[in-house]
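Each of the two complexes below includes chain A, the first together with chain B, the second together with chain C.
This part shows the complex of A and B:
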């Protein structure tokens, strides 16, 4: 039998690993170079991006630096406005807590029965403020009270010959226009008016009759130091 | 290694070259790409923060006219209080009160006026707490006069000094109805303590 062509297999066993006609010795360096080139391009893109971002950041910084003075001024004004508003709130609270009594005293003279002689008319001083720190009394005292209300009362003491004028006076004070200043409350806990005493005096009156002394206290609307 | 031992020198060179190039690629990734990525992430964060800051600044600056008008309104509302504040006269609060009340008392004919200053009373704190706090400054006024004169005096004080409040009073009847004894405690708004130390202005005296 005549063989037209002779095929010699010169490949070693180790070289028979790939079916690809391109050998590993060619492909490996190419892949490695491609990988390296890819990394270099990737880095180049990132570097460009970084430069761009750096430019943006520095431009923003310049812009902010330019506005810094104007912003600082407006921040100072905002702080001042906040502080002044807080001051105003405190002063408004004071103004809200202000009550006038001249009208009551003027009207009281108009409704006073003829047979009644007042010996004392008083609005007691409010109790001393307790500014001790409730958490720890050893700490510095509080800058302001936690209670915003202050109780007010009007105490009327006087003399009369009979009981009727006093009851008339109390009835009159329980009506208009005294509602503005005096509280009439028939509740059991904090009654107003509260009669502290109504008794016969030991001294004789001008017509040798024993006079009656009375001591009545009216609760008044609280002074509220609130805005 | 046995694999390379059996290879031709060309293959060996090729593998060695590929390994070196791959090493360079790894080094490029580790020392160029990754730091660059970190820098970009940081720069992006910085840019976002700066953009936010810029937005806030622009908003605040845009808000400037409103703040200015608000400030003017507050100042205007505060002015009557500032004018009504009791200030010490030669370090005496009572003397200032005397200078304000004596003319009113003289108008109605009250006599024997005496002024004593009492301890101040703090006002409830607003929120936020301002640096300058205000307090109630009570002054006790003792005087003599008829009931009508005393009431007239109180009415005048309430009318002429609209921020003066009557804290307490006592009117006691005397033998002479024209000379009742009265003790009235008037209170004024006055400057109180500072809630905190005032921040020193930049460039100011140290």
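This part shows the complex of A and C:
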């Protein structure tokens, strides 16, 4: 088919309009305006949120500034409370670690044989603890003991005319009611009671008899500085 | 563009924007696939002839054809009247995306002219010989006539507004000649706004009715069978036009002088045979009454002018036409053929306006019409076909 060559169109290109109901020259500005309006609303919302958050931040800052003094006071009070509590705990520990000997001495008087004269009742100083730093002995020693337990012993020294009353005394001290104060341990290590000496004295007695001197040490329950 | 498929096989692919073998660039088609053509203000009491063409894989189909109600307001005849701008809508069957309007207006014009006449150039003056001096004879250098460059606004196919008129020109097959068609500017503006934006259809093409008629012949199979070489007689309501084509190029266009169109023919039959308006068409189609005595005063001069046109084509362009098409005549083609046979020794070819297109299978989409009755749709078909197929 031969193509027509005589299309004498009097319409200009600018006069040709679209038959589509969606007119881009109308819709594009509308979409652009809607987009701008959406962005403006979005930015307004963000701006309002930023203002609100800024207000909240400033109020929180003011609140914090107002509460700083009270907070410091509270912290100080809490520190004091901790210190006091520590002191109370320490006192409690001391109270727990307090060892009373009155009952032992009262009961010891009841069971003391007639022929036995006590020359000394003492509680020896506990052995010096090793304060060297366990991690590195070359470092300066620790300021104090790290354990909360302290070994306690009762050393009884006296004289007697015979050995039998002393044996009776030791047997009596190994029974009730002295379990509260004295430990009887017949093991091979750290035996209690330990007899340090039981010998005849060189000095004569009043009736010119030679006396026997004994030195016995009982191990006592550990003194614990704990609540 | 050549594409090498294999080592030995190369194919030529002709892209639309590549130049052809003759060096001329092949222009793109408009690319419209659905166009409704409407013939406006033709004066038909049934309404405006409208034809909807749709391009499909197997060719161009006519989807709907018929008469649609004319706009409520008539074509303005002055700037003041053009201020009344109606909005016109077509029935749903004709609501294609694009519309091509073929407009009949008493103020329209279409003429064959030359480029110089269009530019208003003065006729080339013959070279003035200088006064000869005695004893001295100088050879006069033959000067070639200066070819004035065509202003951009006068480029072919470009609408030009000048002196209250809008016109468009197309080159003709005869070199130097152009065909010019136009309308008053206010009518063009009024028509461009007739179909509202945003509703189907909107105008994509505005042509005068004669220009649309000239394009209508390109769809005819017989015209294409003759390789586009023919002479056509277009009978409009108020005028008769002759057009001569050579291989599709327009060589000749002229309006038959001193002869009006189909309306005058009807008046002649009415007055000559003394019949009413409603019987004219039936008399022209039937054989009971011979209307030739009434027709001859109109047809004979037409045939004489046609003979002149045929002689012009034969002698000037060495174009010997095989067929002469008679188009646009709603009734009486039979008698025109008899008179042509007597005068020219050859009958007319009067194809239907819808020939060359696939017809719809849906009943009622196109009214059942004879070939002659379909001629009222010729301008609408030509306008739509040109808008759809023409190179721009």
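To be clear about the criterion, the second predicted complex is superposed on the first by the 140 of 227 C-alpha atoms of A that agree within 3 Å, B and C clash if a C-alpha of one lies under 4 Å from a C-alpha of the other, contacts with A are read in each partner's own complex, and residues count from 1 in each chain.
Convention: a contact is a pair of C-beta atoms (placed from the backbone, for glycine too) under 8 Å apart; a residue touches a chain by one contact, two chains touch by 3 or more.
All of these numbers come straight from a predicted model, not from anything done at the bench.
Engineer: Is it chain B or chain C that touches the larger share of residues in chain A?
Structural biologist: Counting contacted residues of chain A, the larger count belongs to B.
Engineer: Have a look at where A:8 lands relative to chain B and chain C in the superposition and call it first, second, both or neither.
Structural biologist: After superposing on A, A:8 lies in contact with chain C but is clear of chain B.
Engineer: On the A-aligned overlay, A:88 touches which partner chain: chain B = first, chain C = second, or both, or neither?
Structural biologist: First partner only.
Engineer: Determine, under the contact definition given at the top, whether A:126 touches first (chain B), second (chain C), both, or neither.
Structural biologist: A:126 contacts chain B only, not chain C.
Engineer: State whether A:164 touches chain B only (first), chain C only (second), both chains, or neither.
Structural biologist: A:164 sits against neither chain B nor chain C.
Engineer: Looking at the overlay, does A:185 come into contact with chain B only (first), chain C only (second), both, or neither?
Structural biologist: After superposition on chain A, A:185 lies in contact with neither partner.
Engineer: Considering only the contact definition stated at the top, list the common interface residues of chain A for chain B and chain C.
Structural biologist: Comparing the two interfaces on chain A, one with chain B and one with chain C, the shared residues are 12, 23.
Engineer: Would you tell me which residues of chain A are touching chain B in their complex?
Structural biologist: Chain A residues touching chain B: 12, 14, 23-26, 28-29, 31-33, 35-36, 38-40, 42-43, 46-47, 49-50, 53-54, 56-57, 60-61, 63-64, 67, 70-71, 74-75, 77-78, 80-91, 93-95, 97-103, 105-106, 109, 117-126, 129, 131, 142-148, 223, 225-227.
Engineer: Where on chain B is chain A touching in the complex?
Structural biologist: Residues in contact with chain A: 3, 6-8, 10-11, 14-15, 17-22, 24-25, 28-29, 32-33, 36-37, 39-40, 43-44, 46-47, 50-51, 53-54, 57-58, 60-61, 63-64, 67-68, 70-71, 74-75, 77-78, 81, 121-134, 136, 147-148, 150-151, 154-155, 157-158, 163-173, 185, 189, 193, 195.
Engineer: Show which residues of chain A lie in contact with chain C when the two form their complex.
Structural biologist: Contacts found on chain A: 1-12, 15-21, 23.
Engineer: Contact residues on chain C for chain A in the complex?
Structural biologist: Checking each residue of chain C against chain A gives 29-30, 97-98, 110, 157, 159, 166-170, 179, 181-183, 188-189, 192, 197-208, 211, 214-215, 218-219, 223-224, 228, 247-250, 356, 382, 385-387, 389-392.
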